[in-house]
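Before anything else, here is the set of structures, which you'll find just below.
Presented sequentially are two complexes of chain A, the first with chain B as partner and the second with chain C.
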Partner chain A sequence: MLQLVVGQLLNGVIVGTLYAIIALGVTLTFGITGIVNFALGAFMMLGAYITWSLTDAAGIAYPLAVPLAVLCVAALGLVVDQLLFRFTRNNLINGLIVSIGLISVIVAVVLMIWTTTPQNMHYVLPGIFRVGGVIVPKMKAVVFVVLLCVILFTYAALTRTWAGRAAYAYAQNPEAAALMGVHTRVLQAGVAAYSAGLAGLGGALYASLYSITPEIGSGYILKGVEGAILAGIGTVMGSFAGGIIIGVAEGIGSIFFPSAYNDAYGLVFLVLILLFKPAGLFAPQR
Partner chain B sequence: MKAWLLWIPLLVVPAVVHNNVVLTILIFTFILGILAVSFNLIFGFTGQLSLFHAAAFGLSAYATYLSMAHWAISFWLGMLVGVAFVTLVSIVIGAICFRFKLRELYFAIVTLAFSELARLVILNWTTFTNGSLGVNFTLTPTLWIPGRGVVAVEGTTMWYYLSLAAIVLAVFAYSRIVHSWMGRCFASIRLNDELADTLGINVFRYKLTAFVAANAGAAVAGSLYAFYISYIDPHYFSIDQSLAIIAMALLGGRDYVAAPIVGALVLTALPHVIEVNAEARLLVYGLILILTILLMPHGIAGMVARGRRVS
Partner chain C sequence: MRSAVLSLNSIAISLGFAVLAGTASAQDVVKLGEIEAQTGSLNTYGWMSSQGMRMAVDEINKAGGFQVGGKTYKLQLVNPDTQGNPQQALIQLKKMLEEDKIKYVFGPFLTNIYKGIEGYGKQHNGEFLLMGGATQIHYELGKPGNDYLMRTWNWDAGDSGFGTLMVDYLKKKGAKKVAMLMQNDAFGHVAADIYREAFKKAGIDFQENWFEPNTKDYSAVLAKIAAEKPDYLFPGYTDAVLYDIVQQATQLGLTKFWLVRGSLGPALKNKDYIDDYVAYIPKYFEEAQNTEPKVKKFIDDYKAYYKTKDFPYDQAPLCSSSCYDHVYMLVEAMKRAGTVDDIAKVKKALQSFTYDGLWKIRFDATGEEVFNFDIVDVQKGGKITVTHEQPK
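Take a look at the complex of A and B:
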């Protein structure tokens, strides 16, 4: 029993970092552009498909395919930001609806190119670690480490570099930041591209673990938004913790309840948090 | 010209048009129109993006069918069960959301969460709902018609008049609400709910009223829709359904009670006018949402109204 619990706990943490990378993108775009980009889930799905095409169809090595996919998705993120989201800045409802529209456009295009058949990538890194009685596939460990590094890097970049501090300043007070020489339009475009890139990375890594379908995006963006709100939208390490909390809740929950209700735990958590700590777990309460 | 006169030609359509495809499109337009018009009460008039609307639609479809199948009651009683059930659920969810003052994004996310929960329950409670396979059924609504007694509602013409009557009633009811003091409270909440609160408007009560009244309309649409196509499945609750509802309301125009019907007509007729597959339809829905928001945020009705003012 203990073995099962520990196994699910580890599994939850690993899936949780995938949620966290999306949650981080949600938090960053929300902080800087004032909109919640639901299309990040679709970007993630696209990242997974591009990675799969690059490795299994074009024969490019996986470690090279991942950055390529991330770049493609980030570029797309930049393009849609300049074409669409630039006109919905700080209008939450309009931004939400545009991003919902964008999801169906991306899903439709993906369906036309890759059809509904689930795609499975060949094993990138077979083999397992055995810790006590608990089995962890090597690839899952790698994915966890890579995502953790990226999240820590983002945190460091935001707190230690000029651009990062400019982003923080902008999130707190746009006008004062602009007066201090923060180039608003460049910052917003950069953050939009970076968030899309994060989602693309999540997808590229996801591709090595599970089968890819056009529906994965909607599940992950829901968890990502839940994670971001759970922690208090706008905090970087909070969104990391939020993602992990939801991942672990699902892992542990699936031991005691039918796994069909797996998607419900995050939702229940979210509702409870919003009701009792409306600003989120880690943000200062109003 | 009085706008309600536009309804009169619709009365004679089945006498003139014998094309079943056209009538079927109109029936779907009327039923989905109820859905879009009711959604617009909470979205367009009260300014709250509720993502529970598709769930209200689906819950009522299931409640109506299940109550009829298990208790052997008539369709109209079944619909009453559906509406009552949705009203009850909406009061609970609305009370939670509005008591805790969830706004904008938070309201949208929490209502989405509840509608996902509803979908999961319907999907997994297989003994009762038959899970993802859904239920095909043969039950039909009945009507008492003077001179002919109680007859089953069958065939395109009867459904046409039934759905027309339903949407006329819905538009009448919602425009009475919107043009009353209640509607002005909704508008004040949409424009600035903190100011509305300061002015002594009970924001909680009116948000809840709008939410429940909107979902009750969705419930009526759900019962009618389920019995028109004689089939229920968890797709009633899907994100695509919510998407279609938002698209209809936006495309038609969120400033007028009846405007979303125009959106419903366009989106229902579109797949028939140009033959497209499911993927292309998804693409078109998405593009319509994006382009409407960016290019004509007040929808077709808004464009027409502006054109009239200019000329």
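Take a look at the complex of A and C:
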């Protein structure tokens, strides 16, 4: 049993980083633009399809296909931000409606191009690591390491660079930040593109692990938002922890409770946390 | 004035002829409807049927149609894509019956789609014939108000059921414990009900495990199953989940699979990681193309019709339900019944003969299809053994 629990703990952490990368996008976008962008799930799905097309259809090597897919999705994120979200800044409801509408458009385009038939990418890195009876697929370990590095890089960039500190400053007090010379429009557009790119990266890595269908984004954005809320929206490393907590809750929950209700275990955990810490696990309590 | 009246009369007479001509033309066409998922995560059950039906209709029409009661008829196929969505299917069926006046509808293969159209179908009992492979149709055959139903696939249970023969095959391989991992949906529970009994009868321990239909990561439940050390894993019923399950199961040391629905694709993709993959395959086309001239011709015709070099070997076995043979069989039944309109007579004719096409197909007294099938056993490295079964 211990082996089973440890195995699922590890698996939960790895699966949780995929939730975390979306949660990070959600928290960054909300902090800078005041919008909860549900379309990040659709961007993730798009990243998965683009990666699959580049590797299995165009024959481009996976390590090259991933950054290309990320760039494509980030560029799209920038375009839709300038065309749509720019007009909904700091208006939660309008932003939400636009993001939901955008999901419909992206899903419709994906259906037209790739249909709803599931796509399976060739194995990028087959095989497993076995440590004391605990099994970890090699590709899952790679995905975890890449996502962890990206999250740490994001944290470092936000805390150690001028642009990052400007973003933090803007999130805390937009007027004061603007008075101090922060280019608000550039910052907001940059964060929108970066968040979309993060979602695209999540999708590109997802494609190496699971089959791809147009509905994958809806599941992951919900888990991402769950993770962000659980951590307390606005905390970068909290988003990472939030995603992992959701992943671990699902993994461990499926061992002790019926696996048919896997998605519910993370939600139960979220409700329990919010009962005692309404602002989230890592946010400063008011 | 007189010339104006004459002109009006001429127009009226012309219109009358036009209407009559239109009516005559409409009577020369037998419309066939089809409600199947041609795209979507459930399109495993529907895509090949729609491919085969198009071919059969085209072939029959190109051959000049068919004669019934001294009159030559051609076929017209109406086959929109349900995408596996019951609401879409219901809208499409309504249109077929109410606007297109279609009397013969093929499909659905999916139980969830059948459940979506069941109520509407019953309301129109006697007005059309629904020939689908959905498992749930089995339970409705022979019940009052369900004369419109025929089931176009082998039934799992019973002495000659394909599932029973599959369980026997597994027993001969020495399996003592089987773990099912199934979608927590309508068909998943039907499958559990059928196979719980079948395994119990065979003296094989049967464990039930479920997953949410949109699951992608099965690691947790598979790890739990692996800890119980079953001899075989009996995974979900669509390729959309089978690829993920088989890959993740082999990583956790579960390398033997037994399935009653789904293709060989997941086995072949993971051929170096599996030990055994036993699948119910209505026909193993890769082998049959070398031994059965009709199969060889079908494959060649398919490539020519769809202008492709590739034949969908993994999907072709599902042409055993509401597909190519069934169109020919329906035409033969209309000829034997001497009518294209009398549903009851055509249904009776369908139940009166064995059709020898890609499959040897007959319908039993309840209106359920019985056909020959293969059990395909894929072993490590991709070595394949085929066992041919002919249910009684």
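We adopt the following convention: the second predicted complex is superposed on the first by the 286 of 286 C-alpha atoms of A that agree within 3 Å, B and C clash if a C-alpha of one lies under 4 Å from a C-alpha of the other, contacts with A are read in each partner's own complex, and residues count from 1 in each chain.
The rule is simple: a contact is a pair of C-beta atoms (placed from the backbone, for glycine too) under 8 Å apart; a residue touches a chain by one contact, two chains touch by 3 or more.
Just so you know, these numbers come straight off a predicted model, no measurement behind them.
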**Study point:** chain B versus chain C as contact partner of A:Thr117, first or second or both or neither
**Key:** second
Point to revise | Which superposed partner A:Leu272 touches (first chain B, second chain C, both, neither) | key: neither
Review point. Which holds for A:Pro137: it touches chain B only (first), chain C only (second), both, or neither?
Key: second
Review point. If you stack the two complexes on chain A, which partner ends up touching A:Ser259: first (chain B), second (chain C), both, or neither?
Key: second
Exercise for review: Look at A:Val225 in the shared chain and tell me whether it touches chain B only, chain C only, both, or neither; answer first, second, both or neither.
Suggested key: first
Check your understanding: In the superposed arrangement, does A:Ile128 touch chain B (first), chain C (second), both or neither?
Key -> second
Revision key, fill the gap. The intersection of the chain A residues contacting chain B with those contacting chain C is 258, 260-261, 263
**Study point:** Residues of chain A that touch chain B when the two form their complex
**Key:** 36, 84, 87-88, 92-94, 96-98, 100-105, 107-109, 111-112, 218, 222, 225-226, 229, 258, 260-261, 263-264, 267-268, 270-271, 274-275, 278
Revision key, fill the gap. In the complex, the residues of chain A that touch chain C are 1, 3-4, 7-8, 11-12, 15, 115-118, 120, 123, 126, 128, 135, 137, 209-211, 213, 215-216, 219, 250-255, 258-263
Review point. Any idea which chain B residues touch chain A in the complex?
Key: 49, 96, 100-102, 104-106, 108-110, 112-114, 116-117, 120, 123-124, 239-240, 243, 246, 250, 278-280, 282-283, 285-290, 293-294, 297
Check your understanding: Taking the complex as given, what residues does chain C use to touch chain A?
Key -> 39-41, 43, 47, 83-84, 184, 209-212, 214-217, 219-221, 223-224, 227, 239-240, 243-244, 247-248, 251-253, 269, 273
